[in-house]
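Structures for review follow.
Next come two complexes, and both contain chain A; in the first it sits with chain B, in the second with chain C.
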Partner chain A sequence: MSASGGLLRSFWLRLPKSVRRRIVFLVAGDAVLLGFIWWKAAQSRASFADEVGRMAPNVAPSILAALGQTGIICCGAMDLSVGSILGVAGTVFGVLHARGVGPGGCFAACFVTAFGLSAYNGWLIRLLRIPAIIVTLAGLAFYRGLALILAEVASHGFGQQFTLTGDAYHRPGELYAGWILLAALVLALWGECFAKTPRMWLALGNSEAACRLSGLEPARILFGAFLVGGIFLGLSAVLDVTNHITIEPARLGAGFELSVIAANVLGGTSIFGGQGSAAGTALGGLFLYLLGPAMLYAGVDEYWRTAVQGAAILAVIGIDCALGRRRKLMEELR
Partner chain B sequence: MRRFPLQLVMLSVLLVIEIAILAPLAGVRGGPSLLPSFAAYGNDLLIEAAPLLLLAFGMTVVLMSDGIDLSVASMTALIACALSKFEPGPRFWITALPLGLALGAGLGLVNGLLVAACEVPPIIATLGTLFLYRGLCEAALRGAKYNPFFDVPGYARLGELPGTLALVGAVLLLGGGWFWASRWRQEILMIGGNRVAARYAAIPVGRRLIEVYTLSGVLAFLAAVCFTAHDGSASQASYLGLELQVIVAVVLGGTAVTGGRGTLVGSVLGVLLVAVLVEGLQAGSNSWIQERLPFKFGNLRFVLLGALLLVGVWLNTRLARPSERRLR
Partner chain C sequence: MPDPLIQLSGLAKSFAGVAALRDVDLTVQVGEILGLVGENGAGKSTLIKLLSGVESPDAGTIRLGGRVVALTSPREALAAGIAAVQQELDCFPHLAVAENLMLGERWPRRPWGGVDWPALHAEAGRRLTQFGVAIETHRMVEELTAAEKQEVMIAGAVARRARLLILDEPTASLSEPEVRRLFSHLRRLREQGVAILYVSHRLDEIFELTDRIAVLRDGALIGVHRTGEIDAVRLVHEMVGRPLEQVYPHARGGHLGPPLLELEGISHRGLFHDVSLAVRAGEIVGLAGLVGAGRSELARAIYGLYGVERGMMRVDGKNWRPARSRDALRAGVVYIPEERKRQGFVLDHPLEAGISIGFSDQLTRWGMIRGRREWARVREAIERYAIRATALSQPVATLSGGNQQKALLARWLEREPRVVILDEPTRGVDVAAKAQIHGLIDQLAARGKAILFISSDLGEIVGMSDRILVMNRGTVETELRGPEMTSHNVILAASGLYSREAARGTEPGPELRPS
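And now, the complex of A and B:
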């Protein structure tokens, strides 16, 4: 007990102050939202347990992708193409399903596609030496087009969407999402405590020049972050695709990158790199998701929900950045 | 400054090649009907390009200041949705348009305040407002659709070529001319190049940034006018993904995403490159080429836009001055 307590303590103390502040804030925020949902559910005699059970399949894909993105953002890069990559992976899944491939093959192909495209992003950044944000912005458009073209070329008489029939195809997304998420989260936190690679990402995000001077190779570290991110993104793609009944290549994962980045930013990961924690990201993703059911129970008009969610994200980020402003100004002028 | 002409020449050559490839798809015929068919093509092209040109003006200035405005498409859509809620009639000119202008400036101001006063990184701030403004579109229209624009006397004329050209020409020539000669532009470039140095040089960085994002909002209002005058309607899903086209165009035109470098002329050429591509692919989906392809020709648009962006940025970094390259 004392050993694990000590571990927790050293993990906590190693986090930067702003991340710690954010984690405390998010724990409180998540608790408030959950409490509100519990209270409202008790009032309307709905089952709180059902609500929580529904949560895992819906929240797992974005948190998983966000955990992968945390490593990339810690390096000072960003992957804007995750939503489109999800679209391609889903399309591959749909095409194989339409051709009668078994569940295992579909899951594997979906995972490999997402992992491969993420790795390709990393490789392209290394090759062209262009900022990651530009490469992945191009990828955002490119992969979406790829998904649409692939769907039309590879399956005859393709309409708008693939329909997934058969329970076996839905198993990972519906039954095991929570467990997979938990395992990935534990793995990410373990890596943050003990592994060397995540620390190199933080080092790269803090100072590329210092990294280079100490004999590390920045391009290679970033490529590593994209590889690890690809594993998380692959898991996320499998869970997200199998949680849907239909796959629409034009829309699957549209706007996904927004929620992934928002989860990171809410979780205290610095967008300039060099600061961040998987714990914050997971809490941030949970907070974003909980806003949805909470608004539902609070009776917010359905047309206003997107706007309220956007305003909430902006408010949290804006207040936090404004709080950190004076300190930053002093540092800049020193 | 020496490398700009070379880049402009290259862009022009690219543009000519692109037109030569894509214009035949859009119905330009050789022989005696070359001129009239090309005139019709040019007409469509310029109308397609007009709102993009306006947005690209704003985006160029924003990128020069080392920022980025991802919310332009949502802003344009929100302004168009707001305009569409007004009663059609002559009073539209004196009620809707000034309010639309104020709304555009206000939306831009919100972006500017987030960036300058709260010091949120521009990409995060405008990603958030992209989300927020799109949500506000939904809240404003509540799933309904209004098409008052063609019932406003004289409004549709802004969507035809002479009206559009007059509007865009006035903005680009007068605004662009003033911009080119102004000290304001130099200050923006300096902020983009080195913010701390700009602050030491007594440039009011925060105020300039607010002005830059507000300008982007005002230009989004003008773009919304162009779009609605041509289409006659707006919905909450209008102009999705437009920001990508604008950013691709501006970056192709040689503006550095890291700030401190950029020209309006380059952006104009970049917009034309993108517009020729989009127009050609739209027209191509009704032509002979579609029958020989197993997929929708128009879907190539995303792939080509992405590829163009990469090529454009790659060329930009290669063409940067040697001294600049060494610094990186």
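And now, the complex of A and C:
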């Protein structure tokens, strides 16, 4: 078997048909949006390369977090608290910055906080044997409160926000966001192709009972997914804080979990677990993001953008499913 | 006799105070196929759960090769060499064949840490070949047929050095040639010294395949026989066993009205084929058969939940082609499903709402439910159907199983339907409620409804029905009338073993239906 044949087999042919179809669909969708932006940029004599370069820091946090979430959703679980975790991590970053800690320390603490809370989620689920969606729903509120308490306790005279001064706290995002995203995506795809753990996640999402009968430990597998998800969430948090001049513990990352889950759903990950792909998630996250600048260029009224975004999600999934159903019907009729 | 591979002594298990298995002593020899038979609820699946480590016994010991083992998880059971292959649900549809086969084990790795896929697939392929099947290991399991899935799972169990293989109803979704293949696999495994516990309702298969047969009834082991030394009639007698003196109501007179439900050669690929039957007004027709024979599927097709590909259906003499379940309600066809918890009720809702939802369209004016009228109708229904509840607002979930079932009946029967299809109406219901439900069904027939009555409870179906149709492998094969209607004959017919000539020779069973 040739090397490329092996890769094709271990990556592409392994995916369920519906996920493969969704990936093709999203590649086309992303290409259309990028083409549109390129065309509009050319018209207005803006540089397309600049436009794309600007995207990276903006799109990286949500795609990174979405990649981490893919593993969790594949297990048939979900982490609803990612937005609040982002809030806590950002607050830690802001507090340390206010206390004069250098950029390296701030970034490290931010990463560790996000990773730690994600791991804590996984541990709690394993300990309490409560569905992940419930534990993390509680986390959604709890961690937001934690961010506020942290800000209040750790910094004297805390207003509503931390202002981040100093280039060193913003540069990493601008310079490396694209590369970090790329590296993380390669890592995720590599894992999907060559590691055993992601297959365990899929197996768990397929059937928990069957996992148990095969002598596997479902709780441990899910915990693993939260640990890996934590790494991606940590990277996401680090890149997200570099985007902000000010950090508001009450608002940082609010609603983030929805775009993270939307990227997954759009990318063909089954919300009930058992199928999904990092490639689909990345493409889905990109699509969601590209809608923003595309609408900006198309001159869509600001008030309409969120609604259009929602409609676009429904349209992509609706058309894809309708096509899938028709194809399935044809197969059955044959 | 050599030392047994597995020796169970005094094994017992109860769930919520109800004994599911009591004091079972059983041995399985190396290289033997032991058949395990019994009616629904006899304790077969509990025994399987104990052996495969899903549940732990309350009392008794399991000896494996002479040593006492504690099987507290499926993992330990697997490690001890006991593998249960249950339904096809227990595999991973979105993983490749090789991944399914090797899931609980170490996978071959490359020096840099990645999974060595070619090696993994080669190993999986080797296992399949060794077992004697050729299935492409890269295929997704969801693309496989039921038989292929099963072969993969058995091959996996064998490759893990299973010494005892437990098969639960393995042929439920297999075609005849596939059954032959499975049997040849199993016989070969027996020669290799694997012990097999073969659980099935299909007595023909049990007689063909097994070396010995163990009979469970009401949680107790009734007997173990060499297969050659017992015949079907005696085996069935042991399975049914009970001195069935329960009296079934029979209020209705012999008068039958015109046929209200008629089916002519209806088919749905993969579910049932060429089914013809008629149910007349005032008649209770029992529909018997094994799980998977297509009874519920047929019922749902009549109700309009599955399309019918060929054949004709008539309700009340008029052509019947339901597109939605609403059509069925309008035409007076009611289907009361088997799994009341999943398909029947919103368990947290109050009883009142649970009942009135069945006829809420008759209660509304301009889209608003008239509370007083609802209250009155529900009160009436609760009395008529003898539902025991503390208040109308009591959540359905807190009612006993029998009262839930009666409430479900009340919901639909208040509509005064003409054709009533009952799917296992007394499953999981206590004896007293059972008798009341029987009474209700009898009254319904007396009021001129046509009733199609699906049940796996042999005593009940024999006692309640005017005629019994027995389904086997997707079609109605046998019709039993009058003195032919005995539990024995129903079991034999459900396995395709019934023949009228043979039946004529034997004396009627002890439980002739009361007339």
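Assume the second predicted complex is superposed on the first by the 310 of 334 C-alpha atoms of A that agree within 3 Å, B and C clash if a C-alpha of one lies under 4 Å from a C-alpha of the other, contacts with A are read in each partner's own complex, and residues count from 1 in each chain.
Heads up, the rule we're going with is that contacts are C-beta pairs under 8 Å (C-beta built on N, C-alpha and C of every residue); 3 or more make two chains touch, one makes a residue touch a chain.
Predicted, not measured: the structure shown is a model, and the values here were computed from it.
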item	value
When chain B and chain C are modelled together on chain A, clash or fit	clash
Chain B versus chain C as contact partner of A:V186, first or second or both or neither	neither
First (chain B), second (chain C), both or neither touched by A:V308	first
Which of chain B and chain C A:A31 touches, first, second, both or neither	neither
Touched partner set for A:L148, first chain B, second chain C, both or neither	first
Greater residue coverage of chain A in the superposed arrangement, chain B or chain C	B
Partner chain in contact with A:I245 - chain B first, chain C second, else both or neither	neither
Partner chain in contact with A:A298 - chain B first, chain C second, else both or neither	neither
Stretch of chain B penetrating chain C in the combined three-chain arrangement, among 114-122, 186-194 or 204-212	186-194
List of chain B residues in touch with chain A within their complex	114, 117-121, 123-125, 127-136, 138-139, 141-143, 196, 199, 241, 244, 247-248, 251, 257-258, 294-296, 299-307, 309-310, 313-314, 317
Sites on chain A touched by chain B in the complex	78, 124, 128-131, 133-135, 137-146, 148-149, 152-153, 255, 258, 261-262, 265, 271-272, 301, 303-311, 313-314, 317-319, 321-322, 324-325, 328, 332-333
Complex interface listing, chain A residues touching chain C	1, 6, 9-10, 13-14, 16, 190, 193-196, 199-200, 202-203, 205-207, 209-210, 212-217, 274-275
Interface residues, chain C side, partner chain A - complex	52, 54, 73-75, 78-79, 84, 86, 89-96, 99, 103-104, 107, 110, 113-115, 117-118, 138, 140, 142
